[in-house]
Amino acid sequence: MTDGNLKNSQDIDLSVQIGSLRLKNPVMLASGTVGYGNEISNLTDLNKIGAIVTKSVSLKPRKGNPPQRIVETASGMLNAIGLANVGVEEFIKTKIPFLKQFDTNIICNIAASSIDEYVECTRILSPEEIIKAFEINISCPNVKEGGLIFGHDLKAVAEITRRVKGATDKPVIIKLSPNVPDIAGYAKVVSEEGGDAVSAINTLVGTSFNIYTRKPKLFNVTGGLSGPAVKPVALAKVLEIKRRVNIPIIGIGGIMNWQDAAEFMIVGASAIEIGTVNFINPNAGVEIAEGLEGYCRKMKISRISDLTGSYVI
Amino acid sequence: MIIVNAEVTQLIELGSSIFLIKVRCPEIAREASPGQFCNIRVSESNFPLLRRPFSICDVDGDYLYFMFNVLGEGTTILSHKKIGETLDILGPLGQGFNFEGDYEAAVFVAGGLGAAPFPFLTRMLPQTKKLFTFVGGRSSSDVITYGMKNEIISTDDGSKGFKGNVVELLEANRKILEESKIKVFACGPTPMLRAVKEFCMKYSYNCEISVESAMACGFGICQGCPIEALDKEGYYLVCKDGPVFDIKKVAL
Amino acid sequence: MTDGNLKNSQDIDLSVQIGSLRLKNPVMLASGTVGYGNEISNLTDLNKIGAIVTKSVSLKPRKGNPPQRIVETASGMLNAIGLANVGVEEFIKTKIPFLKQFDTNIICNIAASSIDEYVECTRILSPEEIIKAFEINISCPNVKEGGLIFGHDLKAVAEITRRVKGATDKPVIIKLSPNVPDIAGYAKVVSEEGGDAVSAINTLVGTSFNIYTRKPKLFNVTGGLSGPAVKPVALAKVLEIKRRVNIPIIGIGGIMNWQDAAEFMIVGASAIEIGTVNFINPNAGVEIAEGLEGYCRKMKISRISDLTGSYVI
Amino acid sequence: MIIVNAEVTQLIELGSSIFLIKVRCPEIAREASPGQFCNIRVSESNFPLLRRPFSICDVDGDYLYFMFNVLGEGTTILSHKKIGETLDILGPLGQGFNFEGDYEAAVFVAGGLGAAPFPFLTRMLPQTKKLFTFVGGRSSSDVITYGMKNEIISTDDGSKGFKGNVVELLEANRKILEESKIKVFACGPTPMLRAVKEFCMKYSYNCEISVESAMACGFGICQGCPIEALDKEGYYLVCKDGPVFDIKKVAL
């Protein structure tokens, strides 16, 4: 790490680079936890955020799963939304124009039930110039064809990466499933096939039952576990990738505050995404960016990118 | 919609584990309308993790009231709040009751804790409207009439008022209802809402209901609170499109 | 489920069967969380517990990892004990005699760094008549040769099951790793090779770093995540096994009270093991057994074994 | 060793975020000896999950005292306990100080919150022994002398007593120490304990130290609290074999 000779606040460079994509700070809002930005913009200043990852969009609209879609667990929550989304067409027509107003990077997250659909969505959306990168969700545990089938198949991940890259010249981030013993193996394939970055982690598969009705609390039976409960697992996954593969990592999983964000960067994340915390504190992203700046000053780090992978083992 | 750290100024136990909490919160009080709710963070720790949604029970100047039932972790913590402590409140949220417009008499139907939104609605109802209030509960101890006017009561066990459920009570009072053009406003457990809906459909009364759902965010970003729509494909979001809906728009 | 016609408390049968092993109730104390029973016997009545699973024992003594071995996390904890244990010889000499005094079932958990070592340990311990069954730990994440290498290798799991079964005529329980996408596949192999039951889950791999020193909090860098945080994941793993494989399952992961225990049985567990909760409430096992009896009475279940897999989906 | 729900009878703020909590707990008070600790559950919820270990600061009849420093979640919750609430306490745990036996003068060395076990030890020390108490802190506000006798003080910044660390203070007082056969009892941050150990080795003084470690169970079942042994292969457990050790037995 640079032993900073920091003159004043201007001196701290919070910007980070992910492939050809430059973010003003490493804080990103995770897909599915900020919709398309409109509601949360009433409660926080999106101009101060590094990037917004939009809710997974699929070729056609999806109405999502019937209720109940969420359950709270110990320091976490299960969700089985079922990729409810407006579909590519409506996304371009109504969501993109709204997002234009913000001085931040828009990253479009794509979910699909076939490799061709991933490619097709990317091809259609690639010309939209406010979209600065794509995050490919191959790890949604909540719909039969939500990609998790791909997320646990090295060959599929390779093909998705290669063909999506072929469909756009914008950076492509592959969002990995944590439900595997060797996540680094998947990251390796992504880097070999020209992927620009990986994001980790998506949610862990979990469930919860009512002991009096003996029915699952979620209509979908299982859901994705997120929140502080999963942070230790997410950190281990990021560290495993960092130690074995040379590719930018976006760290996700249970981040509630700037301390958590710093921890993810130390184990190897170039940037971080926050999800569940947005539901509890919609201004968390701004607070985390500010907190990281204060941390850098205290630690005499002039460029926050120097924090990435700076663990001492 | 705003997040405020509001000071707790009063905590009253209305009945068996039913509480009324009063907070000073001008910012939300100013904007709130009857039927809307707030999403309250009961603890700064990660446990419980999620906010808890509560109807705005009443608004009095700079003050908000919430009525709650001690159920689990969250409401237990809420019931232990001390005067002077602050509460992290997100609100006002959702679509409230549409109580203006073309009708002569408002008919409130409250079951158990469904009484929560009616004190505020009672206060805001235009003087020009007549008001009938029907309150039901399992037994007298469940009957909550806080902040309501000239209520007519039913209990399943007959320990207070009419013996039977609140919809049977409505049937029994059809005559007064028929005297004027009415609009029904109902809040309570889903089985009660189903019965109210059936009743209103049968006599083609206008009716709005306040529904519940598990929630995470409370303001439309998590998609966690769907309710099946009858007038379009797919779902409405209880937190954003509701919690108050015209009975013709949602399946129960 | 039997719609009970319960005359009185005597009527509720809490006993459960795992292979040829019969337990007076489904509550077991998990390996590594009660040592060899001596300390905790001061704080609870072990005679009221269905079974005690002893700390993983290996052929030779292991001193375990240097400090720090544990870290608390949100509703959970990470441990990297490193299989500290007295070794088979000392176990037989000093631990078994002490355990003889209790009216409960002793299940011996074995860890090893080679398949031969698993077999050898089993062979040596099998004659000890107070040992009623073996639990084979193929899923310890905290030592290089802790078995996790085996736990993620179907062929190894098959061979371990077959050869350990060959070394004893006592029931053999294989303890599975949750760090795989298809735990049912492993359970299937166990049942095909004649294993009597599987236990799930062992801990999830996780880590935690100090953001000021940038060092891992655990000497071992990563550790195993346990406690309420992992319950939703553990329940999903048990349900997955139950739906796809016909083998008795011992449910483990984040059980704090009888409600959690009932939830595990509903999704498919024939019995349950409690771990982390023993550190917080050493009498939890007894309280859970009592709570389950009350639950059965309330639900009019005359035989608790009817609860196993009684989910309504 | 027993688990008791003990009533909180007093909570005193001794200094900047340093508290003394008094609980009624005859069962543990009866058995406790100086240097032992208790493992306290600060919350009934899963957050924080683990118990928190605290030295038994003092015992007075049926009452136990714990001295604590507000550090994180657990100690913050502890500092908000109300009189009359109960505290789930597991104890007494571990091996305390061996203060009987063949020596003339006890030398207590306390650094910062390391003062915690000494009030009880001071109380229990046989009249036949002379006592010297050395207390060190970063600055005067960190110097805790609660429940101690005729203490000699040092501060790193010289804001109170001798300027320097507590071991330099010992050196400066070698003369009185040399007058009688002493035994040193030390508790404080690890760097201080290392220095005390070095000092005692150099002059071959008998010395016992109370060490800390991350803990889960606190009574020997999790193996979570190892400390490297010098007189045998492997590790001792801080919770069971300690927290008090002869300096010759453990590596710091």
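Observations on the structure shown:
In order of appearance the chains are A, B, C and D, and numbering begins at 1 in each one.
Just so it is clear, a residue touches a chain if its C-beta (ideal position, glycine included) is under 8 Å from a C-beta of that chain, and two chains touch if they have at least 3 such contacts.
Note that the coordinates shown come from a computational prediction; the quantities given were computed from them, not determined experimentally.
Identification of common neighbours of chain A and chain B yields C, D.
Compared with chain A, the chain whose C-alpha mean position is the greatest distance off is D. Chain geometry summary: the mean Cα position of chain C and that of chain D are 37 Å apart. Separating the CA-averaged centres of chain B and chain D is a span of 55 Å.
Centre-to-centre separation between chain A and chain D, using Cα means, comes to 46 Å.
In chain D, 46-47 are the positions where the chain touches two or more neighbouring chains simultaneously. Residues of chain A found to touch two or more other chains are 74-76, 227-228.
Viewed as a contact network, the protein chains are fully connected, with every chain touching every other.
Those residues of chain A lying in contact with chain D across their complex are 74-75. Against chain D, the residues of chain C that register as touching in their complex are 32-35, 39-40, 42-43, 55, 63-72, 74-77, 79, 81, 84, 227-228, 256, 276, 278-283.
The touching residues of chain B, when paired with chain A in their complex, are 1-3, 41, 46-51, 90, 213-228, 233-235, 240. Looking at the complex, you find that chain B touches chain C at residues 46-47. Within the complex formed with chain A, the residues of chain C that make contact are 73-76, 78, 152, 177, 179-182, 204-209, 211-216, 221-223, 225, 227-233, 235-236, 239, 254, 259, 262-263, 266-267, 295, 299, 310-313.
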